[in-house]
Each structure stands twice: as structure tokens, then as C-alpha cells.
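Just below sit the structures, each encoded as C-alpha cells.
Two complexes follow with chain A in common, the first pairing it with chain B and the second with chain C.
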Partner chain A sequence: MFLQQLLNSIAIGSVYALTSMGATLIYGILGILDIANAGAYVLGAYLGLLFYSLSGNILIAFVVTMIITGLFGILIQKYVYRPLLSQPAYIPLIASIGIFIFIENIIRLIAGPTIKEFTVNLPFQSLNFANLHINNVWVLIFIVALILMFLLWYLLKMTKIGLAWRATAQDLDIAKTMGINTNRVISLNFFLGYSFAASAGILIGILYNSIYPTMGSVVSYKMLAIIVLGGLGNPFGTLVAALLIGFIETMVGAYIGFFIPRNAIAFVALVIILLISPQGLFTQKSRI
Partner chain B sequence: MYAIVVMINVGIFVLLALSLNIITGYAGQPNIGQGAFFGIGAYSGAILTGKLGIYFWLAMPISAIITGFIGFFLGLISIRIKEDFLAIVTIALNFIVAAIFQNVKFFGGSMGLSVPSPYWFGNPLSYHGYLILIIILIILVIIFSKLIEKSWLGMALGAIRNNERAADSLGIDTKKFKIMAFVLGTSIAGLTGAVYAHYMTFIMASDFGFLTSVSILSMVILGGNNTIRGPIVGAIILGLIPEVFRFISDYRLLVYALILILMIRFQPSGLLGDDSFVWQKLTNLRASYFKRRGA
Partner chain C sequence: MKRKVFSLILVVIMVLAFNSLAMAQDDPIKLGFFAPVTGPAAADGESALNSAKLAIEVINEKGGIDGREVELVNYDDHLDSKQSVSIAQKLTTRDNVVAVVSGSYSGTTRPAANIYQNAKVPMISAYAIHPDIPKSGDYIFQQSFPGPVQGKVGGYMAVDNLGAQKIAILYVDNDFGNTLNDNFQKYVEDKGAEVVYVDSFAIGEREFNPVLTKIKGLNPDLIYVVAYAGEGAAIMRQSVDVGIEAQILGTEGMDSTTQFLQVAGDAAEGLIITTNLNRDSEEEQVRDYINRYTEKYGFAPDMVGASTYDGFMLLAHVMRQVGPDSEAIKDAMYEVEDYMTNTGLLYRYNEIGEAVKPVQVQIVKDGEFHYYDQITDMDIIAP
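Up next is the complex of A and B:
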């Protein structure tokens, strides 16, 4: 029973990690709290369903959706965020909230406000060991999360792009004077951030077999709790924090039965942890 | 009748925007949780008159004090947790407060709370009465804000806003002044909440959520942070948009979002902020007018 809950919490935590990774990457470089990332999550879910129903292949749906949403991220970055970089941090925050509301409503108007089913035929079955049940969607989540996290790690730590990226995160202006094309770094950052959120949207859509225009609203704030716990702009910290929040939520839901609804637990945990350690679980020194 | 209802709604937003301006404008502290304090004031007012039978006119200031007391704790938190981290703690506040209102039986749970209507010389307070009350409150809050701007408190808050560490090193008690800003700002929101609860006669936790906080903050920023004219104009514009675009009800939020993005994108210091395009044009116009008269 405990093992079952643990697996459950890891599956949820992995999706949380994918969802919040985009916001973390963006904060790491630009210092913007990007709520619009939750918009990319909704957009991803709908585009994923569209391309899955067009192609019938979940792999194609994933790749095409991630590319399109990523390009959308680049556009937003170029036309909304970049001109606002010299402003105090709450200005881009309000812009991002505007973008998020905009995406939600555009989707509601085009696709309708009702819940859509997201049924996918996966090439593998659910697994059963003794009394341990592993849902086949969980397997998909583990695979996607592992691939994307490995890709990110490889990009950041093993390539020259990653080096430029880390330099930009440390100091944008100095990196620019050293000849790094910071605009390209920022573009790539948004591309990855938005495509990660899109993949998380598809995974959640498949997991709960339903997508709807307001599916991003819970994510938009839970994502914030997770990236703050992870130390704002620290991908590794975000991964740990996402798994931790997934774990706390599942365990509190299963064993304690709190008087607070599931979605508020993340915030209670957040406030308590921040009061003990005001910079989150991982300090800014280890940013990106 | 319809016009009066709209004016009351906009007036409540003006009060909330002015209250938030003390925190985000004067003290320069991020706060995306003003809706929660609005809610705390509303629930305090509702319980004071509905369950304890206290007069509305007495319940109003008591609600403000209760809310300010809770705002005091946010002030304490703001000493330890700063900037973006503080912004997120204030977001968290929305959800924690809403969760408590929604799940504790005493606060009516998910059924909400109904509020008895207040009396004024034996008659129930009419919509006109509410409008007059809110206009009086707005005038008082404007005078109060002017007083803060001119006082030591305003100057100390300005120093904190520009550079907290420098202010600290100059011997300004930044902790004390920050807490004062939080207490003052939140208690005005609480007062507004108490009025709102009695005006609506029925309140629910979902009225005071994250979206309310975001729209209050948007009003302040969009109008011009750290001014008095800014939040008022911002609240009027964003408060009226849903009414003006009522005829395209389905597209209302879309238009709202679009206006928000465009205004922030092209006028980030607010429509009437000190270095906004519009305000500079206006001041230039005034200057040239006086110059011509002088010559």
C-alpha cells in the first residue's frame, strides 16, 4: 500500500517537475515569474489532442506540439517580455498573467468550454506485481520525464550552449560583453520552457483522460510554489521540490486527510519551509 | 439604478486599489494577496453583525482592526522573506485564506455566509446610502494617503522602496515602517471588505480569491504605482471594462486580458505614472499654459 502510494506520488511529482521546469528556466535567466507558462500547459494539452487525432501517433503528437508551443514561447518572449526587462519584476508578472488569461479564453472560444476526452492507445500495458499496480500512463510519464530531464541536464552541463546559458544566468550584461548572443540564449530558454510545459499538459490530459480550458489555473499557482521551494531558478532544486510536493500531497491525502483541500497543501508547505529557510530549499548559488 | 450599482462596484475597487497602493506603491513591497485581506474584512464584518449582532457602524472599524492585525503578521513575514519570495507568499495567502473560509463550518463552508443589512436612522441602508458611504470613504482614504506622502512615514517608506539596505544603514527602522505600511494597507482593505459584505448581503470564499488580488494589483500598476491618481484611474478603467463590454459577454475576459497586456507592454510605468507618456504630456501642457499666461 505504501509502495503503491509512493509510485503514485512519483508519477504526480514527475509531471509537476515538467510543468514547473519551464518557469524555473525562465526565472533563472530573466528573473521573471512566468505564469503564462501555465498557458503553454493548456495550449500543449489541446494541441496534443489535435495532433494525436490527426496523426494517430502519440510520438508525433508530442514532438509537433512541443515544437509549436516552444515557438509560441519565443514569440511571447520577443514581443512582450524583452521590452519589459528593464522594468521592476512585477511588471512582466502582470503581463504574464494577462497572457495566461488571454490563452485560456482564446482556447475556450475556439474549442468550447466543455471537457474533452483524451483517450490514447499506448503500445504497452499496465503492469501488475503482486498487489502493486503500475498504470500504463504512469510508465509513459516516467519515460517522457526521464528523457526530457536527461536532455536538459545534457544541454546545460555538457554542451557549449549550456555554458553560454549558465553565463547568461549569472550575469546577462557581462555575458553579452563576452560575446555571447544572449538573445539567442533567452530564445532557446523560452523554447525549452514552453515545450516542457506543453509536454506536461499532454501527460496530465492523458492521465486524467480529460482536458478543459481552465485546467491551467491550479497549475499556474502550484507551479509557483514548486519553483520557489526549489530556490527560484534552480532546475535540480525544482525537480526535488516537485517530487516532494507530489509526495506530501499524496501522503497527506491518503493517510492524514487534512482539513485543507489538496491544492492548498503545497502553499502551507511553502510558507512553513520559507519561514525556516527564506531562500527556499536550495539557495541561489546553485542557479542553473 | 444600474448606474448606481456600477458606481458602487467601481468605488469598492478604487478603495482596494488605494489600500494596495500604500503597500506596493509607498513601501514598494510586492503584494498579490490583497484580495485575501478584502475577504478577511468581509468575513469579519459578516460574523460581527450576523452572528454577534454588533451594529454595522461599529463592526466596520472592528473589521478593519482585525484585518490590520492579520496584516501585521504579513508585515512580520516580509522582514524575513523578501522580493519575489514575498510575492509568492502573498499569492499563497490567497489560497490558504480561501481554503479556511471554504472548509471551516464557522465561516459557512462552501455554502457562504448571508449578512443582515445595516440600518441608518431606522431605515435599511439603500444603494444611494452605500454610494455616499463609499464616496466618503474614498475621500478619507485619499486624504490619508496624502498625509502619508507628506509625513515621515512616507519619506521612510520611499527610502525603503528605493533601497532597503541603504535605508537601514542610514538608521531608518525599516522593519517598523514596513510593518506599518502592511497594517495600514490591509486594514483599509478590511474596512472595504466589511462594507462590501453588507452591500452584497451574501459572501462566498470564491469572491476573494487569487483573481481578485490580481485584478486589484493590475489596477494599481496600470494606473500608475506610487501615485494617488493612478490607482483611482486604474480601478475605474478596469472596473468599467466588464460593464462596457457586457454586450460581448463571451469575449469580455479576452478583451480584458488584451487591454492588460497592451497597456503594460506600451506603458509599463502606468497610464498616469510619473514618467508615463500621458502624464508627461499633461504636465507639459500645464507648464506651457502657465508660461504663456506669464509672458
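Up next is the complex of A and C:
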């Protein structure tokens, strides 16, 4: 029973990690709380279903969706955030909320408000042994999360563009004077941030076999709790924070009961942890 | 000359004014409507709006009300009670509708009901079932049986029909869920069954593995689930995943073909729900409604749509008798007797404005809802 709940919590935590990673990357480099990332999550889920039904191949659907959503991220960055960069932080925040609402409603108008099924037959089945259940979509989520995290780590630590990225994250203006093409770095950052969100949207769509225009609304605020807890803009911290929130939610639900809504537990945990450690779990030093 | 032109214009204006007065009799009769067409309940909102439009079409096809056309004045409340209140003000003061159908949830319909009551405009709540809604006053009616009745019928099905002794409950934390849970729990406990677990969840929740794992450990005979289509489908699928074998008893919240049955798939087999729409009904009007709706919109209607349609048909039925006058409609509603709706035979309205109707029990077989039982016992269904 405890072991099953632990597995449940890891699955939920991985889902959170994947959904918050895009916004973490963007906060890490520009210091913008990108609520619109939850819009990319919804957009990704719908494009994923579209390309899956067109191609019949989930891998193709993943790749094409991630590229298109990533390009969409570049456009948002170029035409919405870049002109607002010199403004106080709350202005891009409001813009990002606006974009999120816009995306949700455009999708509702085109695809309709009803829940659509996202049934994908995976080449491997769910596992059941010794009273434990491991869902096959969880396995897929672990695998995709691992691949994406590895790619991110490799890009940031092992490549020249990663170095430029870290430099830009530390100080945009100085990086620029050092000859780094910061616009390109920021574009890459948004590309990855939005394509991560898109992959999360597809995976969650498959996990619950349903996508709908408002599927991003819980994500949009829970993502904030997780990236704040993870030390704002720190991918590793976000991963740990996501697993921790997944664990706390599951264990509170399993052993105490939902005396408050499950989605509020993340925020209670956030408040308690911030009271003890105001920097979040990880300090800014280890950010990107 | 100038004076002549002026008086001519005056005459023209007066003629036009008289003309429009005379025309007023032939103006369409306005019926108000609001539903959450955008926002978190957009799917139900659209279902309700589709049926409202279909109902108006059908009423006009049959010659309207004594030859006068009926016009739908509809608004989107975004599932926001501030919106539903301001819509109520608009409908009653600016649009001057003769009656209103609510296609929205209890949370939005409750505060709006007071405004309709004060404006003396009859309102029929299509599927919002909170018991306080009809208590707002004598102009406020419910199309469907009130929530407490459905909760009681759930309890009756669980204990008396399915013989459950150990029961777990999962309900959505809003007016709908709380009303049904309270009445279900009271009934089963009075009958001596044991409630081993009760938990609630927020609208939009999709992750039930932790809760269901816990419920599995408690080994209940039956799980009572008060959820909407999305949450309900997640519960059904995940309960199969964690290996729960107990019978699951649901409510009208899961009564949706595209949104619930298709998403839940095989996991929904054997589910029993309490609702107001009998899909196997032999009644011609029910078949007509289901066929016509499916033809027009490309998918089968649900109880939300059927209830909304019934609300308008009931208004049309009453207006054909007493004319499009708000007060006369209100009085005539209390006189309605044994009126056949898509959602069962409406026996009558009680003095509060609650519908006395049979409750349908449906079971999921081969991916479709089918007849399982119909509860007509007055001891259970009388509000």
C-alpha cells in the first residue's frame, strides 16, 4: 500500500516536473513568470492529437508538435515579451495571462468545449505484480522526462550555446556586450520552454485519455508553486520540488484525507517551505 | 412652407408610432436563457445552448404561441455568479423577457433566482438541483427532481437494490456534490449501512490513484461517485487500474455520451447511474428529440440538453394555455399535471416549485447507457 502510494506520488511528481520545466527555463533567463506556458501545454495537447490522428504515429506527432509549439514560443517571445522587457515585471506577467486566456479560447472556438479522447496504443502494457500497479503511460512519462532532462543537461553544460545561455541568464546586458547573440539564446530558450510544455500536454492527454480547452487552468497556477519552490529558474530545483509536491499531495490524501482541496496542498507546502527557507529549496546560485 | 413640412413629418411619425403599437402584438415572445458556454463548464453550457436553440426551433415550427414567434435571448455566464446576476438584471429590465430557463449550474443559478423572483419573471432551472433554488420564491421552478431526491434514490439503489453494506463515497466539492452526498449518506446510514470512507475533490481533478488505492484497501461493496464527466471518466479508468472490483454507483453528472462514455471506454462497463434521461424510452417525443438533436449537432444529447429542452417545452405548453404573461405562467405552472417531458413524466409541482418526477436508473452496457430501473415510489421521490 505504501509502496503503491509512493509509485503514485512519483508518477504525479514526474507529471508536474514536465509541466513546470518550460516555465522554469523561461523564468531562468528572462525573469518572466510565463503563465502562457500553460497555454502551450494545451496547444501541444491539441496539436498532438491532430498530428496523431493524421499520421497514426505517436512519435511523429510528438516531434512535429514540439517543433510547431516551440516556433510559436519564439513568436510570442519576439512580438510580445521582447517589447515589454524594459517594463516592470508585472507587465509581461499580465501579458502572459492574456496570452493564456487567448489560447484557451481560440482552441475552444476551433475544437469545441467538449472533452476529446486521446487514445494511444502503447507497445508495452501496464504492469501488475505483487499487488502493485504500474501504468504504462507512467512509464512513457518517465522515459520522455528522462530524455528531455538529459538533453537539457547536455545542452546547458556541454555545449557552447549552453555557456552562452548561462551567461545570458546571469546578466543579459553584460552577455550582450561580450558579443553573445542574446536574442538567439532567448529564442532557443523559448523554443525549448514551449516544446517541453507541448510534450507535457500530450503526455497528460494520453494519461487521462482526455484533452479539453481548460486543461491548462490548474497547471497554470500549480506550475507557479513548483517553480517558486524550486528556487525560480532552477531546472534541477524544479524537478525536486515537483517530486516533493507530488509526494506531499499523495501522502496527505492517502493518510490524512483531503481536509483541503488537493490543489491547495501544493500552496500550503509552498508557504511552509518558504517560511523556513525564503529562497525556495535551492538558492539562486545554482540557477541554470 | 416650413410649418407644412414640419406637420407632415409629425403626421408620419405618429402614423409610424401607431403602426408599431399595432405591430407589438405580433412581435416575437422573448424567452431568456443563460448557460456557461465558455469557462470550466463550457461543455455542459454548449449542450444546454444547443438544446435551447433546438427547442425554440421546434416551438416555432409548431406555429409558435398562438401564431406569435418565440425568440431566444441568450447569455453566457462563464460559470461565474457575478455574471449570472448581471445577466438576470439585463434579462428582466432591458430585454423584458416573459420567462427564463437557466441552463447553468446551482452556484450560478442560486443568486440569479432572487432577481427573477423580485422582477416577477418565472424562471425554470433546467438541471441545477440545489434545494435552495426553488425556495427563492413562487416564480422559481426546477425542471428536474431536486438534488436531495437524487441523493436519496442513490441511497435506495445502493442499499435496497444492490445490497451494499460497506460504502465509500467520492464527491465533487460544490453545491451539486454536497447536496447529493449529504442526502445519500443520511439515507444509507439510516438503513444501517456503514460508510467507510468519504472524500471530496475539486472540479477539474484528474488524479485519483492515491484515493482509489486507499479505497481499495478498505474493500467496500460499493463506491458512490458524485462527479462530472471528466472527473468521472478518470475515476472509472483509474479504479480499473488499481484493481477495484466494487460496484460503482454514479449520478447524472456522468450522464454524457461523448464526454464520459467515450473517454472512460471499457472502464465504464457495469456503471450504474441515477439520472433523468431514459435512453431506452419508448416515448415518441424522446426518440424524436434524440434523433433530431443527433442529426443537427452530430452527437447524441445528454441529460443537460434534454433537461434544457424540457424547460422550454414546458414554458411553451403553459403559454399555449394562458398566453405569454409572466404572472399567468407562474400560476399555471402549479396547475401542470402529468405532463410528459423527455426526462420522464412530470407528475406536478409542489407548493415550493420542486418537480415531482420519477428518477431514472441507467446502466452502462456495451458502451451505451441502458435502462436499469425507474424509481416511482412516492416515499422516495416526493421532495
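Operating definition for what follows: the second predicted complex is superposed on the first by the 288 of 288 C-alpha atoms of A that agree within 3 Å, B and C clash if a C-alpha of one lies under 4 Å from a C-alpha of the other, contacts with A are read in each partner's own complex, and residues count from 1 in each chain.
By our rule, a contact is a pair of C-beta atoms (placed from the backbone, for glycine too) under 8 Å apart; a residue touches a chain by one contact, two chains touch by 3 or more.
None of these values were measured; they are calculated from a predicted model.
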Which of chain B and chain C A:Gln279 touches, first, second, both or neither: first
In the overlaid three-chain picture, which partner chain does A:Ile248 touch, first (chain B) or second (chain C), both, or neither? neither
Chain B versus chain C as contact partner of A:Asn105, first or second or both or neither: both
Please work out whether A:Asn263 is in contact with chain B alone, chain C alone, both, or neither, and reply first, second, both or neither. both
Looking at A:Ile97 after the superposition, I want to know if it touches chain B, chain C, both of them or none. Which is it: first, second, both, neither? first
Quick one: is A:Leu71 in contact with chain B, with chain C, with both, or with neither? Answer first, second, both or neither. neither
So chain A touches chain B in one structure and chain C in the other; where do those two contact lists coincide? 105, 261, 263
Using the touch rule from the top, collect the residues of chain C that touch chain A in their complex. 37-40, 42-43, 45-46, 173, 199-202, 204-207, 209-211, 213-214, 217, 229-230, 233-234, 237, 241-243, 258-259, 262-263, 265
Of chain A, residues touching chain B in the complex: 27, 31, 33, 79-80, 83-84, 87, 89-91, 93-95, 97-99, 101-102, 104-106, 109, 221, 224-225, 228, 232, 259-261, 263-264, 267-268, 270-271, 274-275, 278-280
Chain A partner, complex, touching residues on chain B are 24, 30, 32, 77, 80-85, 87-89, 91-92, 95-96, 98-100, 102-104, 210, 214, 217-218, 221-222, 250-251, 253-254, 256-258, 260-261, 264-265, 268-269
In their shared complex, at which residues does chain A touch chain C? 1, 4-5, 8-9, 11-12, 105, 108, 112-115, 117, 119, 126, 128, 133, 135, 204, 208-210, 212-214, 217-218, 249-250, 253-254, 257-258, 261-263
